[in-house]
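Mind having a look at this structure? Questions to follow.
By letter and in written order, the chains are A, B and C; residue numbering begins at 1 in each of them.
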Amino acid sequence: MAWNTNLRGRLPITCLILQVTMVVLFGVFVRYDIQADAHWWLEKKRKNISSDVENEFYYRYPSFEDVHAMVFVGFGFLMTFLQRYGFSAVGFNFLLAAFGIQWALLMQGWFHFFEEGHILLSVENLIQADFCVASTCVAFGAVLGKISPMQLLIMTFFQVTLFTVNEFILLNLIEAKDAGGSMTIHTFGAYFGLTVTWILYRKNLEQSKQRQSSVYHSDLFAMIGTLFLWIYWPSFNSASSFHGDTQHRAALNTYLSLAASVLTTVAVSSVIHKKGKLDMVHIQNATLAGGVGVGTAAEMMLTPYGALIVGFFCGILSTLGFAYLSPFLESRLRIQDTCGIHNLHGIPGIIGGIVGAVTAAYSSPDCEGGFPGGIGKRGSRFILKLPFWGQASDENCFEDAIYWEVPEEVNTVYIPEDLAHKHSTSLVPAIPLVLSTPSASIVPPVPPTPPASLATVTSSSLVH
Amino acid sequence: MAWNTNLRGRLPITCLILQVTMVVLFGVFVRYDIQADAHWWLEKKRKNISSDVENEFYYRYPSFEDVHAMVFVGFGFLMTFLQRYGFSAVGFNFLLAAFGIQWALLMQGWFHFFEEGHILLSVENLIQADFCVASTCVAFGAVLGKISPMQLLIMTFFQVTLFTVNEFILLNLIEAKDAGGSMTIHTFGAYFGLTVTWILYRKNLEQSKQRQSSVYHSDLFAMIGTLFLWIYWPSFNSASSFHGDTQHRAALNTYLSLAASVLTTVAVSSVIHKKGKLDMVHIQNATLAGGVGVGTAAEMMLTPYGALIVGFFCGILSTLGFAYLSPFLESRLRIQDTCGIHNLHGIPGIIGGIVGAVTAAYSSPDCEGGFPGGIGKRGSRFILKLPFWGQASDENCFEDAIYWEVPEEVNTVYIPEDLAHKHSTSLVPAIPLVLSTPSASIVPPVPPTPPASLATVTSSSLVH
Amino acid sequence: MAWNTNLRGRLPITCLILQVTMVVLFGVFVRYDIQADAHWWLEKKRKNISSDVENEFYYRYPSFEDVHAMVFVGFGFLMTFLQRYGFSAVGFNFLLAAFGIQWALLMQGWFHFFEEGHILLSVENLIQADFCVASTCVAFGAVLGKISPMQLLIMTFFQVTLFTVNEFILLNLIEAKDAGGSMTIHTFGAYFGLTVTWILYRKNLEQSKQRQSSVYHSDLFAMIGTLFLWIYWPSFNSASSFHGDTQHRAALNTYLSLAASVLTTVAVSSVIHKKGKLDMVHIQNATLAGGVGVGTAAEMMLTPYGALIVGFFCGILSTLGFAYLSPFLESRLRIQDTCGIHNLHGIPGIIGGIVGAVTAAYSSPDCEGGFPGGIGKRGSRFILKLPFWGQASDENCFEDAIYWEVPEEVNTVYIPEDLAHKHSTSLVPAIPLVLSTPSASIVPPVPPTPPASLATVTSSSLVH
């Protein structure tokens, strides 16, 4: 495969074709729903609605804004943990979500909001579109650092399409319930993303291993994402529920489940470290597992302690996944999952589906089941591997400089721990070493001159 | 002009005089609106209002909080992209906005909420005050790094005054409509800011050129600002609209327009780079142009695809502005626009006014027009150039250390690209060079000793 | 005392015991309130409620989410200002709050929401629990950097318990009013935290003085916390007020008071610096004092200018506290208050109580008073000092690496200003010095070799 990461011409054309298509399709199909139309006063008269506060806008808009924050700020910053891939994490997430919501409005509109030849648009559609795109943000986590923006846009196109079909089968044909999207959003997003990363397997990814780790402040940026996801998750799981007690209950259950998964994540993260230290990766991710796991059942009569129990186990299993399952998936099944989405969205999503089915079985004849996520993924396989999407070479993965103008500055490079140790035992003050290398592919792993534990590289010299 | 940046005495006195004046004027003029007054129960009885939910608070407060987040977090962090001006960006924005909202409550109160000798205060006034201050934050972007906090406070005082007069002429006398403030907020703010930076033109600004660029993490901080502005812009454009369908529609249109401008911004940003790379400046700014451009028309029956088309062109024109217009404005018209507000707020604001006029013309006899922003700017000209406002000298622009206690730490300085290249071709490990200089004005541009590509300066030694 | 910071075993067991206890107690006691229960339709019928919008959820949920953001994002990031304690600041705040809200739901439930053997859960309980935990986050600020996560959990347990008792005495027995919690949340939280830090006094804390300062970007992270606290404070003070005008008024007053305290904080911060420069610590903290100070009186008929006056004085006194009182408390009273919570929550909280009492006296026979915060603190004293909680030694305070896996990277260490000055007067380019030390306890304060003003230490080598 040719590693030509030059985006010139290809990215603009992809973006413009997609956006023009959106404009045309919106022109043909999309109109305002009566609640957002200048004829709303007629509707109010006809339905004898006494107050504007009964407009769906006032029931849903605050929750919508919270979900919106999760998709763009939450997922965007959650993925900035890599030391040199923050621009792409937050920028490409921005790009794919901005395209995804438009395509989702159309796809979901045709399936769910289609009346007399038109898709009718209200705040409910926006929430559904954001939900759909959230599953794309999940999938992005698996391929973070290894995929070009064009590939991302194509992936988003396929995923949103499949998402809607899958959701239609689950919710409309099988008549399962899934308010918070444990299955439709998280499980689907996770396995879609894992399939894509499996398709795009890279044998020599350890060539860019040094960039797969975080630096101190990049981990703090990622915590911005974590916390905004965490605080607004009650809105996520309740945004599309029925008015009144259902929406109320969905928020309560999510709040409780999330709280429980923080404590068990901390517990397990400490258990598995030889000195009991916490791992930022776990805190950034597994603390959110409670929100995923309670998604399906959140609006049901799960009981408050039921919600705590869900969060309890999701936190544990998710953290264990990060510690033991991810390395196994990578080495044995050739699944390179950058953000560990299998642990945050895959496992808890499945738990969520089961919990939902059990809860529903106890209270009503509703049933859950069926997961046709795999359908049609084959189509995307061939297309994503085409050589002209501008993918990065193995040694340039996780590097912003290939797609972004990066400010010139001196940047420190990851040093393997044992190396640092070796030198730190000598108390002699050492002279730091600046490696001025023309390309990232020639970064010498160990500085040649003796008492050096510091390797500084002019970042902009990496790729030119 | 004397470059005395010592704020001692002058800043405290300015702040205290302004704040005491506010207290006195509020004491004389400002009272609670009936909706926020203990007599609300009487009003409910008189108007036969059955439920507290009809209190304006529940219609407007969530949108108000989103706008509040945009003004303080959004604009504040958007401007932190400079490597050494983050404290001032976020801190001075905080200061000017905190003063501005008080003065705006008074000014707008006298013009719009004045009844029987008193300004009546409710959540609507807070939204209008935040709107007004948003235009000041826009103007701050043009002079970022070159203006002292005292000058900013004076500028805010003048701008809020003129804003209200201009808004009164446009909305009350000419009877134009401008819910999202394309004209009243963005175009006015942009041209006010550009006028101020033109007044304060600095011939030798290239002396601080090295500090006008960003560093890696400062660009990520700026993305916090971008994303919070982006997600909450639907609230901005709908916060002051009529209840019901109007508010609903304004949010939908803004959501769509913003999504479209992300894709076209990415497209154009990639087109104009010789290797197709994206530029963070464009992503941070031009992606928001859709929100500005749709401001006036957002609450009208613009149609969903109409909103997409507005965002489509705003993204394109805004990005082109950053690439081609800003350099032209600086070199030919002596307008030094640090954040490129002309491209984000000026051009899209004008588009917004035109789109609003066209949309209104098609649906109602409302008309748009008139832009008396220039009136009275002359007054501020003389005052702002007075020598005692503590402006920075040309070589100390864009530097926090002149106004803030900055933590002592080693900081790396911008190195021109060709210099970095020259050395990066040699593979010999180089010894970094620490320049311990007593003042920023003597920073040697090129380190004298040979194999050095790294220049480190103890930041606190810059200004003393 | 044995300085064994190894968390292995101890932290997981503490977390798991607490979480399992929560699950059991929730199972026994907690049920949904009728507003969040599937029987809500029955209630609607019985009470003749015509619309779902009358469900408490729609009155309170947007404010709840704002408060939630303050507790987790606001307080979490506010404390990231330390150069090497960001993981702990944001991570431990996350942990203690996630536990605290569960315990608070129980404690407050037993005291305030207990009916027929069950605690009835609705969005109101969530707000009260977040309020209660906010006081724990306040207390955390005093001991930041010096306390282990186990100690924090124990502290939270005691504090939430005492908080509820204290609140019950104040609000139910003495019948004081305190909507925004000036007394119950802020004053209580501050003096509880100060008591704990006084109990845990460390004679040799100057051993880790170099880590008690900030670095440039850590101060910007802290500003994220400040601004989210600032913008959402109107929601904090109004979230639990009565519907209608009371909630409306509480938000207005808080907005005004906060604006005033920004200006006076800037004024005083500049006055007390010899060159008039601003101090980030003041801007990050004292600007919020207006929100604390107006807490009690916010929902009363305080008048708009009354709110401004409260903010005016809170900003001044809080900034003066940071400058003069904190050093005094540390040197004379042996109170080491890392974040200066006495200045942000202690003093303004007391002012708030007085303002509330005066305001109430003028408008109604309600009275304020009584502050039994000290009761029972003695119990926690003995327990917190037990040697097995994994406290850090004096020279390892304010260091993430003892509790977290920290990414390997080169980190610069604080250099006392006069040292930097001495060398910065010589214009000779100096060779930087890398100190490779095996443990933080042996960091030499002054590098031995002559022309060095830069000391770089491989951070991960500090503690092993």
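Convention: contacts are C-beta pairs under 8 Å (C-beta built on N, C-alpha and C of every residue); 3 or more make two chains touch, one makes a residue touch a chain.
Note that the structure is predicted; figures quoted are calculated from it, not measured.
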item	value
Copy pair chain A, chain B: interface residue numbering same or different (half cut)	different
Turning angle required so that chain A lies on chain C, C-alpha fit (0 to 180°, nearest 5)	120
Where chain A and chain B are represented by their mean Cα positions, the distance between them in whole Å	30
Multi-chain contact sites of chain A, meaning residues that touch two or more partners	51, 53, 58, 62, 217, 224, 431-432, 456
Contacting residues of chain B [partner chain A, same complex]	51, 53-54, 58-59, 62-63, 66, 83, 213-220, 223-224, 227-228, 230-232, 234-235, 243-245, 247-249, 251-252, 255-256, 258-260, 262-264, 266-268, 270-271, 273-280, 283, 287, 301, 303-305, 308-309, 312, 412, 414-417, 420-421, 423-432, 452-454, 456
Footprint of chain C on chain B - complex, ascending	6-13, 15-16, 18-19, 22-24, 26-27, 30-32, 35-41, 44, 51-53, 55-58, 61-62, 65, 68-69, 72-73, 76-77, 80, 84, 86-87, 90-91, 94-95, 98-99, 101-102, 121-123, 126, 149, 217, 221, 224, 402-411, 431-438, 442, 447-449, 456, 458-461, 464
